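Paired with subunit B in one complex and with subunit C in the other, subunit A is shared by the two complexes that follow.
Coming up: the complex of A and B.
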């Protein structure tokens, strides 16, 4: 384990940014957002960013390819370029887990090369959460906010940043920063971890349980009458899917620039009525079905296909952002009530 | 990584022949610019065709894999992409990617069996590939029955091929029907589900159903009435699709993605899906 005084944080960032583009949470009037670090930028103290970091690997819109059309002929232009190395600093435990959730979709055969390109070139420096919020429930999904995953795991105390490399990528980067950091023991980190775990245990959602949900429970939950009431006020605005770090549905659309045609991929939402509309009808006619799809996918379908892993990481973003104050916690409490008294 | 194959990036295809089947269905023959088949496939698999600037859409590959020269698609006009495809002339280039989806188990579960094909309207498109595969490897299958119906005589897809080739094959019986009487039609009149019951097939066959959801529902019920078990009946599901590889989330039903776990399902497997297709 290495450490660096917080007074030297700028030097650390500058050293990283000298070779790789560095992104870190910075305060704006819209809340904390990941932005590129440049001289003078300061690390936000907010617990988490408004938007999740999924954009780094699965951007809201991206150009997939271009076409040149002349008369009856078509030329397909592969616009993929090897991505440059980049570092994301300060990723929370929940969001680090969301990358694993996305990996299992995009890196399974056939590999999504757009995603893999970014993923291979990104280094993740995670940060333990000293002040978890009331909307946090990562522990429901077995995530430890005191010990995030990541290439390098950081703990920030009042005066010191502790860094621990967990992967080859992390070791390479930390080795490069060795002149700025010094070797240290783990006692300060352990003390902080104990404190974090104590705080986590006192959170209002500390006892939320997902144990009723999981793989192969489709028929148990699909026809539950409660879906109707739960979804009653849902506006179908899709906000929950857009802020969610694990929502991965997408659309493919073409755009004629006047000089050629660009094909884009952009985020889509199962909460939208258009999502499944077909010539002969729509298999999800009302918001009840669309609402159910989002939560069934996170709590049952995804785990069925992924060794029981849930596709919610308990980041709480949808709790904070839904205009009608509906969210996955309410769904879990209503439908999986046995352990959620 | 950027030299890795990316399934979302298609190849160019050239339309070399266009056949007008019905007032709203045309069959297009597609090869690569150097005159080859774009890729190999198995009966039941699909491909994404696109016109850059208009969009992509999924279609069954209606030609049989045993056709080594080209692929064919029977396409019904119903929206942006399909309308554009219908307005094409021979020589037009399009893009094509695939193959997507599972396939009918032609070499395993179907091998050695009598086959009963039942199609309605454009539902013949996926079946034609299997039918011609079975005809090509004739000795691997028993007796073949084909029940095919459409709104009118003019709406029967592949009519020439059915009359001039299929119905002349030994061991192949074709049963055509149209929904309403027509002066120039002397064949059967009536809906497919009823016709199937009237024909009263022996129940030792494998049945494959393709067509509008309502036809599938009633035909399946009819088959069960005359003694078929759901494990003997196969069909295809059609949901909206974008990626074709189980990632965009469009075609998700329960824990399945119709684009990769389907479109072919055995009817008892469909019962395990939530009722949302």
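Coming up: the complex of A and C.
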């Protein structure tokens, strides 16, 4: 484990940014956002960014390719740019887990090479959460806010930043920063971890359980009558899906430019009426079915296809942002039977 | 602190359910946290007693829900409306969006609602929130209790409340208020005073954060098209991919134009925006211009009024005059 005094944080950032593009959570009037580090930028103390870091690997819109039409010939133009190396600093444990959720979708065969390109070039520096929020429930999904995953894991105390490399990518980067950091033991980090775990146990959602949900439970939950009441005031907006770090559905759109086609990929939302619309029309006719889709996907379908892994990471963004305050926690408490009262 | 208690709402609604006046109740339902309130349909006195809330976080405007709710059965729906909500209610009636006979309106006086984002900015890790006249006491998870001035946490639309008067009700709890002289156009005037470049930069900064979640449109009581052009593949405008940086602006410009003369300035769009974009400023610009060019007009002040924009009179401003006066304002 290495450490650096917080007084030298700028030097650390500058050293990273000298070779890779560095993104940090930074404060704005309207909440924390990931922005490129530049001289004078300060690290936000906010727990979470408003938009999740999934943008780095799975941007909201992306030009996949163009087609140029001349007479009877169509030329395919590859518009992709080879991604340069970049570093995302300060990713929370929940959001780091979201990358695994996305990986299982985009990196399974056939591999999404656009996604993979960005994933290969990104280094993730995570940060333990000393001040979790009332909306946090990562622990429900077995995520430890005191010990995030990531290429390098950080713990920030009053005066020191502790860094621990967990992967080869992390080791390479940390080795490059060795002149700025010094070797240290793990006692300070362990003390902080104990404090974090004590705090996590006291959170209002600490006892939320996912044990009733999971793989192969489709028939148990699909026809539950409660979906109707749960979804009754849902606006069918895309807020919950767009702020969610794990929502991964997309649509592909072609735009006629007059002399060719521009093909885009963009986020889609199961809450929208046009979602998965097919030639015969739409198979989810009302908001009840659309709403059910989102939560069944997180809690049942995804685990069914991915060795039991849930595709909610408990980040709490949808709890904070849904205009009507309906969310996955309320769904779990309503449908979740014994453990959730 | 709200003047009418939660129990008064529960009792009223339970009595109207019991005597068969209404079959369902649209009201605010308690959630996981004190600031977390969901619009809900209640069917029994037990549900009301257990879950109804009436507090400083009951911002949601039920008017638009009535379109769907009144179609569900022949029974009347009871709805609680704050003064600003009644303007949306009237505007929807003006547009024949639901049957007035199927609704029983109870007007609730409102002391203003709090802005959850302001609350969260002032306190991290909220364990509980209690109201104590003009103070709000926030118990936090790690920093003990904070006592804040209620006024400092009020939502913008409530600081600039245009009216404490209910423009529609069957029954009123407490005393009705007055139409107020609000400062709601001050911020618009400040934007008008900017140079075109500054103004562009202002909106660029705000609208570039838009994630096109459509929450503003879906919550808006003036946006009640069965199929929005932006969702309709046949319209040529349906678009989830913002292929260039103008897309978001186009969405907001078209939406703002479409609600001209119909937007009551209820403030729901700005309340729900996850990116805290001050959308109300676009609509208020139009309201200010209409007031200025055609005489004061408040959408939803009464049922059946015609907005100046769709009502020709011989006194109407000539287009060139509007352009000149628009320039003076710009």
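Points to keep in mind about this one:
Quick note on the criterion: the second predicted complex is superposed on the first by the 333 of 341 C-alpha atoms of A that agree within 3 Å, B and C clash if a C-alpha of one lies under 4 Å from a C-alpha of the other, contacts with A are read in each partner's own complex, and residues count from 1 in each chain.
Here, a contact is a pair of C-beta atoms (placed from the backbone, for glycine too) under 8 Å apart; a residue touches a chain by one contact, two chains touch by 3 or more.
Please read all numbers here as calculations on a predicted model, not as lab measurements.
For the composite obtained by overlaying on subunit A, subunit B and subunit C can both be accommodated side by side without a clash. Of the two partner chains placed by the overlay, subunit B and subunit C both lie in contact with A:253.
Of the two partner chains, subunit C is the only one touched by A:202; subunit B is not.
By the document's definition of touching, of the two partners only subunit C reaches A:325; subunit B does not. By the touch criterion defined above, A:61 reaches subunit C but does not reach subunit B.
Figure note: vertex subunit A, arms to subunit B and subunit C, all at CA centres after fitting on chain A; angle 90 degrees, rounded to a multiple of 10. By the document's definition of touching, both partners, subunit B and subunit C, reach A:268. When both complexes are overlaid on chain A, the residue A:99 reaches neither subunit B nor subunit C.
By the touch criterion stated above, A:283 is placed in contact with subunit B alone, subunit C being left untouched.
Contact with neither subunit B nor subunit C is seen for A:291 once the two complexes are overlaid on the shared chain.
When the two complexes are overlaid on their common chain A, residue A:80 makes contact with subunit B while staying clear of subunit C.
Once both complexes are placed on a shared chain A, the shortest Cα to Cα gap between subunit B and subunit C comes to 8 Å.
In the three-chain superposition model, subunit A touches both subunit B and subunit C at residues 251, 253, 265, 268, 277.
Residue ranges of subunit A in contact with subunit C, taken from their complex: 30-31, 47, 50-51, 60-61, 63, 131-135, 199, 202-205, 229, 232-233, 235-239, 242-243, 251, 253, 255, 262, 264-269, 272-274, 277, 319-321, 323-326, 329-330.
On subunit A, the positions that touch subunit B within their shared complex are 64-65, 67, 69, 72-76, 78, 80-82, 105-106, 108, 110-114, 116-117, 120, 216, 218-219, 222-223, 248-254, 256, 261, 263, 265, 268, 270, 275-281, 283-284, 289, 293, 296-297, 300-301, 304-305. Those residues of subunit C lying in contact with subunit A across their complex are 31-33, 36-41, 60, 65, 120, 124-127, 141-142, 209, 211-215, 217-219, 231, 233, 238-243, 271-272, 274-276. Of all residues in subunit B, only 1-2, 4-12, 52-56, 78-79, 89, 91-95, 212-213, 238-240, 242-243, 245-250, 252-255, 274, 276-277 touch subunit A in the complex they form.
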